[in-house]
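Next come two complexes, and both contain subunit A; in the first it sits with subunit B, in the second with subunit C.
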Partner chain A sequence: MAPEDVVSRVFGVDRGRVTDATSNTTLAEWDSMGHVNLILELEATYGLSLSPDDTLTMTNVEAIKRVLQSRGAAW
Partner chain B sequence: MTQGKTSVEVVRVDERHTAALASFIQKTWDPTASEDRLRRARAASASDNPAAHGTAPPTFLLMSGGQPLGHVTTIPIRLWRSSGEGPAHWVKGLMVLPEHRNGPVGFYVLKEAVAQLDTALAMVVQPAPRKLFQALGFTDLGAMPNYLRVLDPVGFLRRLDLSALGLSGVPAWARAALRFAQRSGLALVGGAAAAATTRLWILLAGGRKHGLEIRTPEEIDRPGCDQLWQRVRSKIAATPTRDAAYLDWRYKKSEPNRYYFGAVYEDGRLAGIAVVRRPRANGDPRLAGLRVATLSDLLFPPDRPRVGLAVLAAAEIVALRLGADALLFSCSHSVFPPLLKRRAFAPVPGNVHPLIRAAADTQELPTSLGDWWLTRGDSSADEVF
Partner chain C sequence: MTHNSLSADLLEQLIKAATKASTTREAIAALTELNTAEAVVWLITNEATARAQCAPRDLAELLDVVVKAGLAGRAGTRAGDLAKLVARYADLAHADTLATVANSLPAVLRNEELVGAVHKTLEREPRHAGLLRVALDHALRKKEMFEAHRLLTRLGRADDSQATLHFIWRKRSVLKPTDRPPVRIALMSSFTIDPLVHYLDLECRAIELEPEIYVTPFNSWAQEIIAETSGLRKFNPEIAFLSVSIDDLVGDLGGLISGDQLEEAGEAAVDRILVAAKQFAEWSDAALVVHSLLSVHREPLGILADRGKPGRAAWLERLNARLADELQKLPRAYVLDMTDVLLRRKGGALDNPKMRHMAAMRLCGPVVGDVARAYTHYIAPIKGLTRKCVVLDLDNTLWGGIVGEDGPHGIRLGGTSPGSEYQEFQRYLLSLTDRGFLLALISKNNPDDALEVIRSHEGMILREDAFSALRINWRPKPENMIGIAEELNIGVDSLIFLDDNPHERELMRQVLPDVLTPDLPADPSLYKATVEALPQLQKLAITEEDRTRTQMYQAKRQREQTRVSAGSLEDYLKSLDITVTIGQVDEASLPRVHQLFQRTNQFNLTTRRYAIADLEAIAGDRGCRLYTLRARDRFGDHGLVATALVRSEADTWRVDSFLMSCRVIGYGVETALLATVGEDARAAGAEKLIGEYIETAKNAPARDFYSRHGFSDLGTEDGVTQWVASLTDANQTLPAWIRREVA
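Then we have the complex of A and B:
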């Protein structure tokens, strides 16, 4: 499952709306609690643990992909 | 989320973090905040702390690379519940730097604060932080009802600006009618008619004050307040302690010249007290010049509605003397709605939600809003309109 699919599912938005540029400033549904849910879902989907440093930077899809790849995740 | 080796940490503020705290406050609330002023304020708060005397109220910062990104602080109180009084904290001032909002900062800082606190309460308006609190084990008691008593209907109607107030659900025809009345002078006639109707209603329903004496003292009657609190508390399921020390600290010491008292005496003994916040005409652009005072706090025996009505009347007198067009009151307890109706208070949609979380080793807290005696003055929630 691609990170875009996780973002789409967590925030309940159409998959077609999610691009690399989708972020916590472009998606109204992406609030602070939504961000926490997204991190938990990413950890469960890719079977890894994300540090607070990571989660601070994962505020758009492009950054999410970069962090996940650096942790060896594949989709 | 797992916290591994990281440069992100949540710290409980002590002397070492004063510079970081001052820097955060400068960026968010007060550009003039200084380390020196903060040290003095924290020392004063420590000496007044009713939950743990001598300890500064717990305050937390999320630091990343040595820079503060998020903040939350507390107001220590004592909390009454049927098992007695114990320490508790209002969680207050949850704030994240703008460039880090909608991320994890608020969650981390709040999570660490809650882990270190005993019983905790919060008054929250916005849905996003409410979700954070609920995710960390808080129960949302629902919106605390608001009531508005128009004290000067003529002035109120002349200055009322529905658009500025942002009230939704008011039909277009009503807005147009109000504008027409304001331009043509009909507001003056309508306001006078409303004033006469309100006076008649209060005369019929507002309660007789035989045997009760209303006073507007400069200072609180400390022995009277303590005795009143002792008599009243067992009739309330849960409430922050409202004894003389609390009332004096909250409404006189910490913010002088902002609050005024109304008191009701029966046979020379204090039977009820109201605390009114001076109206602000310029503080909130939504008020569009309306002078709205806030009934920030009050206390009376809930089984004495006659006294409750007199306390409300005392609050109205204080607000009128302060030049208010209207008096805003937000309250949780089930005793209030019928009394407020009799004093011509009109319900307006609630926006402040109390949230509660009992410490693991303490008695459960009531989860029905009507069992709690909470008002706008709690957690300084009367700072906002």
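Then we have the complex of A and C:
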């Protein structure tokens, strides 16, 4: 499952609307509670534990992909 | 040459060319590699060939490969073609394949064929979260609001992750509310409690309530309780939950603290909670449920704890004991034992350290669902959802095996497994009768076979006297269910049906949807836990009537038998030696009176559901009388079975509420109570007695109450019919067969 799929599922938006530029400023559903849920889902999907610094930077899809790749996650 | 035959040719060539491609399956796989778009079109146009030449399982695998390749954007595969493909093969395609295609399309582009395939597949895989989301999108687009609510609840059961529960809650917030009974719930906490809102919303809907949930602002639970103008007070909850973590009140539990410091800080923390709880009780009539205290921190001394001095565990236990003792003194406060919740949790660890630090969340993930389910055990009885009778199947429900086939000695029932699972379940069911629930039986069996086991099998815990009604025959179970409801004089919406057979359950749900028919797991060792988890089997208090209800119904069965031998009805009633004791409500009888107000549906003239606080106020109001009636006869004591609320005005007494337990319908005790009210009114100088009647779907047995006691109809306004009787001529008299005592 690609990070875009996770973002689409967590926020309940069409998969086609999710691009690298999708961020916590472009999606109303991506609020602080939504961010917590996104982190939980990413951790569960890729079986890894994200650091507090990671979670602070992962506020758009492009950054999410970068962090996940640096942690060896593949999709 | 048509596209179709080109592809067929290509396929054939591939079969011949590829040395390893000796089957159509391998050929399609090869074609997919080569040209996915061609493979998709070929599969759509040559469906019959593909189905004839490939095993369904192989074809399902292939479809998955084709779809994944197609979605990866190879060679111009069109999304519409993929949708057509999976819809065509929906009967055998993996649910995941279908969901993947559907989710790749924007909701507006999913056509009826695709959505139809999704619904079909959901029948096969009812808990597929991906497909449920597709069906949901469709229902929302079509504005099918009830369907959308239903699908959201199903989705929450299929995927209980925090993200999905949040999604469900957001979607609901834009839907129109349902017409189910509303419930106002306040959540007060020392930490971030937002996920609980989402889980609790789902659980309330699962018991058919429409929740409205207020959350106190972050960590201001104490201020909200104290401040006179707080949002909490304005919200005026019916029930409030207070979850305060000891880790938030005693800041440094992660480190070493001296024993004295620990004692002092712990006591101060409990004091803070108790002060808040007392203040809450001063301005609110709502029930208050307080979490018992838990700490996420382990004993800093590790395994050295408890050697020589009391450790953290013992310290917490003491604090919780004091919390429980003190809260018990408040009229409507309860402690939610968190260790009990954790013992039975389904949803992973309670503490997620990252989320605790990042989001001040002390409850995180699916375990929050366990907490929400524990909450509904308080919410259900407060909203009057408690059922009255559990109706049980026999074979494979109360014992293992089928008595008609295995014989009374061949069934599994005893102290060791297999068999001890059923005994444990029976012990639990028996304990329900101590809490005032009735048990009944519906079994498709020869009565002699079944009764032999019930009467003489040494492993049987539930004997004949535990059941208030039995239907052992070969009739359809819903028909027997109605018979039981009539025999016990309760509505079918007071019944719970437990049967191991999914077909019997489905039949019951379809014919009698008001009967609560929960699923039983296939494993009998989980029966007890499953039934224990039902919020509809919780009570806020146990009355004397609850403890002896089963005996009372047994006595009723004996009375009915007397009735057959007695001559006229009046002779029969005389033979019962009925004595009623009429008095005014007092502190001891108030809980039972409240229970009658909450639960009586049939013989209830106005069905006004007064809360206990209302009744307390009424009891203290000199302008009101709240009558109680106890009845007994030669077969036993019925207990407190009727109550009337009468308001005295200048020359008129007005009967605001008049209700009687259905188990004494037909004995004339209501006439005795009305006669007493009339006498008291006359003695106080009143001239008229006015009775009110509000028709409901269930109170037909009470409809002619005033007319048959000589009252005249004054007309109906806003659903309330007024009946009047003059007190100058005494036309309400005690029935000849009833003896009256004054309390």
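Criterion: the second predicted complex is superposed on the first by the 75 of 75 C-alpha atoms of A that agree within 3 Å, B and C clash if a C-alpha of one lies under 4 Å from a C-alpha of the other, contacts with A are read in each partner's own complex, and residues count from 1 in each chain.
Heads up, the rule we're going with is that contacts are C-beta pairs under 8 Å (C-beta built on N, C-alpha and C of every residue); 3 or more make two chains touch, one makes a residue touch a chain.
Note that the structure is predicted; figures quoted are calculated from it, not measured.
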{"item": "Which superposed partner A:36 touches (first subunit B, second subunit C, both, neither)", "value": "both"}
{"item": "First (subunit B), second (subunit C), both or neither touched by A:44", "value": "second"}
{"item": "Per-residue contact with subunit A, leading partner among subunit C and subunit B", "value": "C"}
{"item": "Subunit B versus subunit C as contact partner of A:19, first or second or both or neither", "value": "neither"}
{"item": "Touching partner for A:52 - first (subunit B), second (subunit C), both, neither", "value": "both"}
{"item": "Touching partner for A:69 - first (subunit B), second (subunit C), both, neither", "value": "neither"}
{"item": "Overlap of the subunit B and subunit C footprints on subunit A, listed as residue numbers", "value": "32-34, 36, 39-40, 49-50, 52, 55"}
{"item": "In the complex, subunit B residues that touch subunit A", "value": "1-8, 64, 69, 96, 100-108, 128-129, 131-132, 135"}
{"item": "Subunit C contact footprint on subunit A (complex, rising order)", "value": "5, 8-12, 14-17, 29, 32-34, 36-41, 44, 49-50, 52, 55"}
{"item": "Interface residues, subunit A side, partner subunit B - complex", "value": "24-25, 30-36, 39-40, 43, 49-53, 55-56, 59"}
{"item": "In the complex with subunit A, residue positions of subunit C that touch it", "value": "103-107, 133, 161-164, 166-167, 170-171, 194-195, 352, 354-355, 357-359, 361, 364-365"}
